[in-house]
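One structure coming up, written as structure tokens, with questions to follow.
For clarity, chains are labelled A, B, C, D, E and F in written order, and residue numbers in each chain start from 1.
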Amino acid sequence: MEGIYAFCVGMLTACGIFLTLRGRTFSVVLGLTMLSYAVNLFLFASGRLAINSAVILGESEIYADPLPQALVLTAIVIGFAMTAFVVILAMRARADLGNDHVDGKDPDEVAASMTLNKKGEIN
Amino acid sequence: MLDIAIQIVGLILCVSLILTLYRLLVGPKLPDRILALDTMFIHGIALILLYGIAIENAIYFEAALLIAMLGFVSTSALCKYLLRGDIIE
Amino acid sequence: MKQSSFRLFPMPFHSMLLFVIWLLLNNSLSAGHILLASILAIIIPWGVSSMTTERPRIKKPMLAISYVFLVLRDVISANFSVALLVVGPLKKLSPGFVAVPLDIETELGITLLASTVSLTPGTVSAEISEDQKWLYVHALHLENPEELIEEVKSRYEAPLKEIFGC
Amino acid sequence: MQHWTILPILLPLLVASAMLLPPLSSRIQWLRIASISTLVILTILSALQVATVITEGTQLYILGGWSPPFGIVLVADKVSALLVLLTSFLALCCMIYACADHDKGGEFFHPLFLFQIMGINGAFLTGDLFNLFVFFEVLLIASYALLVHSGGKNKTQAAVHYVVINLLGSSLFLFGLGILYGTLGTLNIADMAVKISQLPESETILAKIGALLLLIVFGLKSAMLPLQFWLSRTYSSASAPVAALFAIMTKVGIYSIFRVFTVIFGDDAGELANFSADWLWPLAILTISIGSLGVLASPTLKLLTSNLVVVSAGTLLVAAALHSELAIAGALYYIVHSTLVTAGLFLLADVIAKQRGQAEDRLVNSRALSQPKLIGFGFAILALTIIGMPPFSGFIGKVMVLNSAESMATRLWIWPVILMSSLITLVAFSRATSKLFWKSPNTKNTTLEKAHPYEVTAIVLLILGAPLLVLFGGPMTEYVIQAAADLHNMDVSVYPLLPEES
Amino acid sequence: MNTLLWLPLLPLLGSLVPLLTARYHRNVCTLFTAILPFIALLLVAQMTPDVLNGENHYAAAQWIPLLNLNIAFRLDGLSLLFSILILGIGLLVILYARYYLSPNDSIGKFYSFLMLFMFSMLGVALSDNLLQMWMFWELTSISSFLLISFWGHKSEARKGARMALTITGAGGLCLLAGIIILGNVVDSYSLQVILESGEIIRAHSAYPVILVLFLLGAFTKSAQFPFHFWLPHAMAAPTPVSAYLHSATMVKAGIFLMARMHPVLADTELWFLIVSLTGLTTLLLGAYIALFKHDLKGLLAYSTISHLGLITLLLGLDTRLSTVAALFHIINHATFKASLFMAAGIIDHETGSRDMRQLNGLWKYMPHTATLAMVAASSMAGVPLLNGFLSKEMFFTETLHQAALGSLSWMIPVLATVGAVFAVAYSMRFIHDVFFNGEPINLPKTPHEAPRYMRVPVEILVALCLLVGIFPGFIIGDLLYAASLAAINGPVPEYSLSIWHGFNYPLLMSFVATAGGLVIYYFRQHLFAFQANFSEPDAKLIFDKIVKNIIKRSTTLFNLLENGSLQRYNYLLISLAAIMMAAPLMDLSTTLGVRPELPYNIVDVTAAVLLVIGALTTAICHRRRMLALISLSIVGFVVSLAFARFSAPDLALTQLSVEVVTAVLLMLSLFFLPQRAQKQSNPRRLIRDLGISAVVGGLIGTICYALLTRPLSSISDFFIANSKTGGGGTNVVNVILVDFRGFDTLGEITVLGIAALGIYKLIARMKLFMPSSDYKGRPWSNDGHPMMLAVLSQSLLPIALLVSAYIFFRGHNMPGGGFIAGLITSVAIIQQYIAHGVDWMKHRVKVDYQILIGSGIAIAALTGVGSWAFDKPFLTSWFDYFYWPVVGKFELASAMIFDLGVYLTVIGATMLILANLGKLTTSERPIQKEEV
Amino acid sequence: MNFYVEAIASAILVFGGVFLLVGSIGLARLPDVYMRLHAPTKATTLGIAGVLIASCIIQSYRQESLSISELLITLFLIITAPIAANMIAKAALHHEIDPIERTKGQELIATAKERTSPPAPETEAGKETP
């Protein structure tokens, strides 16, 4: 089980990072969300895996480590707040900058203007 | 006997989930995918309930309830998006 | 538009429903839960009453209950037939669209009818015309459109109309 | 008295949330009065806290009565008390400045500002690693919101970069935290310091990875190379009072490095004792270099100041790499000094920008300032201070850091870099001076708006630090050396924070 | 207070005087400015007898013990000599400047800077603590920067000042390094200590480094080759400044340093070699170039360089007598050079030109000034009966008595003579070219004699030249002895200050120099013609070019590194993380730990497959954004299931509810962002990114596995044990959240609240393009609010609220809690927005979400404050069990109020975001702008 | 556990499972989106209801008290499933997704999409009651 779990965490991390390295805000947001899944699972794993041992007193015989669960809860909420902010920020960037590239410059447009510049450049 | 039933249903759910995933990936159109996702949510409910039965514990009931409620919100939001773009207009 | 006067139960049906659901959720009939259920059954409708539009009242509750059982029976039987259709050879299926003219007028009635249609034999409500006079239905296996329309109207629409008294 | 330690966190939190509620939320005047009085009280409180810490030693605040390592504990030692005081004072200055109508550039400036203070103070005070994460997030989210205050393309663009990079950083923080909890089984920093030395070998390696991830996160906050890229753009595009307040933010990262890497992974960490130094060395030196490069390359005063923040971060990282008491003491002094000065420069740059019309704060010829003498005087002091020229505070901090490199080999690494950066700053500032103050045609422009009295007050307050830190250099250095000693001494920094039996 | 402390302090206070008196007549300003330095001079005079008697004055106060930086002053012979020069010439310059500066110049500012400089210079001279001396050293650089750039509107003044500052600043930094190393060697910066530790220092391995660093400081300050080039350009300063800085003070600071440190650093081969050769080179170079300068001040500048070289050479020679000679020449050079600068200033002032090609025959117009200048210039040339002659004779003598260069030592007297030849020549030029040599050419002004009192300073200085030249022993003997005593820090050798030493080699050398100088001057035109072949490099231009080049290069490099690409920054961050994870991981022998693994079944595998495929689909299809979003939902869903599977029901619930709200947000953003992105990444970047992602994913996976298979002993048992008894709840996770670590939760909801406020700010002035069709160009459906959905949503709302109440109340004991309840409520309300739209809701829900946030956070925080009333720390929980007749036993806990705060904040935050986002687009909707 | 209870519960559970499978098979197998809609709306709903009821029985038996909270989920799904199906159908119509060729009444798709009355021939026969 641990192997599968670790593999999944690694996979989510890899996909999340790949997405955050993309150039469009939406992909980056997707990536950050994905990464936060990975992070939460990872942090959760720091208490080790346990089956049928929810930390409700009296409901199980053995208990999982409750602390990482609480930490992950906090992390989920904070992650949610951050995702919400970055989503709206992406919209704002589109509104202000006219495109959805993370650098605020559409590479195509930049390439076009670069060729123009080079012709008229004096400096 | 119940154990066997649980195992059978577990197997069924796995097959079902894979079939749903197949539809979700293949599409061909977005409504197909949304339908598949919606079905997946319901399978999730079944999975959780089955797990509850298997581990003889009812503490996951709320999770199932929540999937039922929130899955619907999700599906309707997705469809609304396809219809109108703006889901909260 | 409505309620200038205070009402203890702005949504009586919902209040009842909430009361029951609370007890269901808690799997308990203890005095404490009954008290809590009552309080919530009163408070929540107050809170949301501003967000609800006026609803037609159920005029014939008994009929409503029998309608529920009718639908439940149809759901189960429909499922067996659909299961066979789905698993069986697909070539034999002849799907189709039909437009069911609607007599029932309230939004709630139409919604209930459309929902019933979706839950029962081989039909899914696909769309309702803007003037709420037509219900577009997709059938998995459509042999005779007229028959289907007739069945919908007589089997489901009629009792619904009666329940809401319109 | 009993609850003082938590007030730097609680007071801004409560006032900020009250600012969202009706009587206060509606009128800007009331908000201003509330903000400024809160910050004045906070400054006084934190000054008293420093006094308490001096006389009575480290103050603990055990939240919820759950004693460590189980509950969260706030630790006001000499280091955190000093930084809280610094934050409060800086915030007061920035707020005074902001009240010259800078707070009208968007909604919720005042509550967000106070939330930001709460986050920073929380990060300084907490003795719990996860709680540190939470306060990091508080201060980050508040900084995101403040960054976009008063709008504009540049701010949005900078915000996108800043937010995304920091979100990545937060992910790394949690990975690191997960590893550390997964190996040490505790979150209290003092407890971690005890547990780390008892770790079996294979877990040591895992803990090391966790610590390195934290190092990246703190490095990211403190603008360590190669993570410093976000800084110049972010700081230079933020509105002035916000940028000035941000001057303390890199210090939060540095502080965290000190906390984690001298207390947990310090001299007593067994196999992992001071392992971070190997990594910090090159990064610190490169940070100073790239910051200096940026100082030379900066076309505007705000960018210049931003890059100076990078340089000072690099200098502080050098101290972290040296990790001796003297180095940390120097760093603490340097933190106070550089925070005040860079904040002052950010504010001054804003005033200059406003008085130069279209040229803003670009280092080009343009029309004369309307208050050249006043601004020039302030600029001269700030410039000298940040360059590290006597008689202002810069040189003491710099000399302390230089002094703390004891072996000839380390000196060979550090000194040229730090001294070169001073020289480069000198060159950049002499250039800036001549562009901003001399090259302007001598037509005096009186039609332009003059600096608002609030703005002048704020800048003067910040500038005061430069001579005062020198004048009271004796007690100040005495304080920081004790603070650094406390940080290094397990008997003082760790054991008192833990229950006796463990 | 010790008298000695007043010495530097008076000029410091004096720097305020002119600012205060500037508004009055300039005579008043001048007078008042002069008072304080005059008092200081009197103080010096008062202390002089003691010092001459060998009793040094000390004053010290503790300042920064940690750095060994104390306020410490000493007045010994050397500092006495310099103090007299600084104050005396300073006073003369004050008087002179009164007439020199034009009414346009702000005399108050000028005097203030001048006093500041005087303060710094005195500080250097008097410091008994090296670090403190360094402070003053740097202050001289700064104040001279202000003085040189006094005419900031002139380009050459700005550039000259910047260059001076840069060079001397760099030297200052080297000096600082040297001082710190030296300080570490002897563990003190106190001169008293250091001067006693010469042997230790010279024997120390760091000595060469210390020496070089000190000399770099001294050479840059004293304009020694190759750092000499800044000095001529500092001539852009007003002439009083030149007279002060370049005769007696600023440039002498370097010399002073060498003299001061002489007992410590000298007496080694290295010292002799570096110092004497540098001095010699500078001497020759300065003397040679001076001859060709057409600018009066240019000539004087290079002559200054040359003389500084001479003094340096003397300090570098290995006899003690040479040090005496150096000190003597310091005095003499100060007097004649100051007077020459002043004379040049008068000429400039009265004729409007400094170009010797224009200035001719001024003897006729200003005979008085001419006389003075000629006397001073003769002193510079080394004409007998003038002070310059005496020290030059001593210099020649010393060049003959040394062996620093071994068998090449003969070169030193020869080259010294060569330098003297040129000195005579340029002095001759100064006299002849300006005061004779025909008629003036195209002068801007008609020349005439300077004002009476402007000449007074020159007269005094020239008189000194004469007096010292004729009665050297009487006038200067004691002072020179005292200074020598200090500079040698040992027995001062016998020397004679008489005018006549008989016929000897030095006299011969003087004679040769004079004759040679006259010859060269006579044939100067040939030399000028020869020199014209070499275009003279303009140091200012070169320096400017270098600086500009460095800035340009750095800008290019910096922009190359910091190219504004987030992708690069992210990549760097991630790469660093990868390196930092991988490096230690290589030391880990095995990832597998000893903890037994859990069994897995087919469902687990299926879930993993769903997760992985969902993640991969999201990553691969990220350009088809809707599909990516749907696949991401699968991932989130499976993650929630995983939490349920691994015994974390609270997490499952939270993840589920967060999931939906996130999805809604993403869809909202998707509406405004392009719904599909064109293919962009170049393949190289794609492979790079794939590589790093795989590496990091692999590393994280490995670490995760390593953690999972290792046993853990954590503090958690405490929570399980105390949850019920101490926190009053059976849901341990919830009790941790609201009690054990309630502070985290308080922070967490604050984050949420702040995020909402920030988002509100972002939305407030957003101008969005409203796409009127989807990515395939299909116009949107005409059914804004599907009827069935609307009807059902209304019915669901009360049920959802009930469920959220249920979740809220049970949270403390069973999975649930304020946060999840808040999200459920929010989702229920969002569902109403989706079904009915903002306009419909606007009239029905009149809740100010901002107030919800504020009150939520406040309630949570105040719950914590409440425990103060019971004298408990913040957030101490309280709970108790009650029994009511009908209801039965129930529990009340402060944690529930805290949780209520959480609940309200969550609703407030979520709704503030979504409702405002909705509102915004509704009001814009009718515009139906086409996408660009 | 009582044999009969266990047997009944197991049967219902398996019954539910089978219908869940049928639903998924339909989803995967049926040729167009409109036909696919039928499978999850009906079969899956019934299937989940089966599982829920089984759960009801088992948990009630185990806890020795009536545990029928699962009915709430059933109720919920039965209410929402048709609406969800309707929304998806609307979306499909809106995207003008073509049904398979042999579908009858294809002419209705256009009017359904525009939410107008169906074309004339069908509306005949005086079906509208006044």
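Quick note on the criterion: a residue touches a chain if its C-beta (ideal position, glycine included) is under 8 Å from a C-beta of that chain, and two chains touch if they have at least 3 such contacts.
Values in this document were obtained by computation on a predicted structure and should not be read as measured data.
Each step here moves to a touching chain, and the least such steps from chain A to chain F number 2. Counting steps between touching chains, the shortest path from chain B to chain C takes 2.
Across the two interfaces under comparison, A-E and C-E, the one joined by more C-beta contacts turns out to be A-E. Among the chains in view, D has its Cα centre nearest the centre of the complete protein Cα set.
With respect to chain F, maximal separation of chain centres occurs for E (centres as means of Cα atoms).
Centroids built from CA atoms put chain D at 48 Å from chain B. Rounded to a whole number, the gap between the C-alpha centres of chain C and chain D is 62 angstrom. Centres computed as Cα averages put chain B at a distance of 13 Å from chain F. Centre-to-centre, using mean CA coordinates, chain A is 24 Å away from chain B.
Shown for chain B are the residues in touch with two or more other chains, namely 13, 17, 30, 34, 59, 65, 69, 76, 80, 82-83.
Within chain C, residues 21, 25-26, 111, 114-115, 125, 128, 130 each touch two or more of the remaining chains. Of all residues in chain F, those touching 2 or more other chains are 25, 37, 45, 63, 67, 69, 72, 76, 79-80, 82-83, 86-87, 89-90, 92, 94-95, 113, 115, listed in ascending order. Contact between chains, using the touch rule, shows up for A-B, A-D, A-E, B-E, B-F, C-E, C-F, D-E, E-F. Residue ranges on chain F touching chain E, taken from their complex, read 76, 79-80, 82-83, 86-87, 90, 94-96, 113-115. Per the touch definition, chain D reaches chain A in the complex via residues 130, 134, 137, 141, 144-145, 148, 152-153, 156-157, 159-161, 163-164, 167-168, 170-171, 174-175, 177-179, 181-182, 187.
Only residues 51-52, 54, 56, 59-60 of chain A touch chain B when the two sit together in their complex.
Taken together, the chain F residues at the contact with chain C in this complex read 19, 22, 25-26, 29-32, 34-35, 37-39, 41-43, 45-46, 63, 65-69, 71-72, 78-79, 81-83, 85-86, 89-90, 92-93, 99-100, 102-106, 108-109, 111-113, 115-118, 122-123, 127-129. Remark: chain B residues 1-2, 4-6, 8-9, 12-13, 15-17, 19-20, 22-23, 29-32, 34-36, 38-39, 42-43, 45-46, 49-50, 52-53, 56, 58, 61, 64-65, 68-69, 72, 75-76, 79-80, 82-83 touch chain F in the complex.
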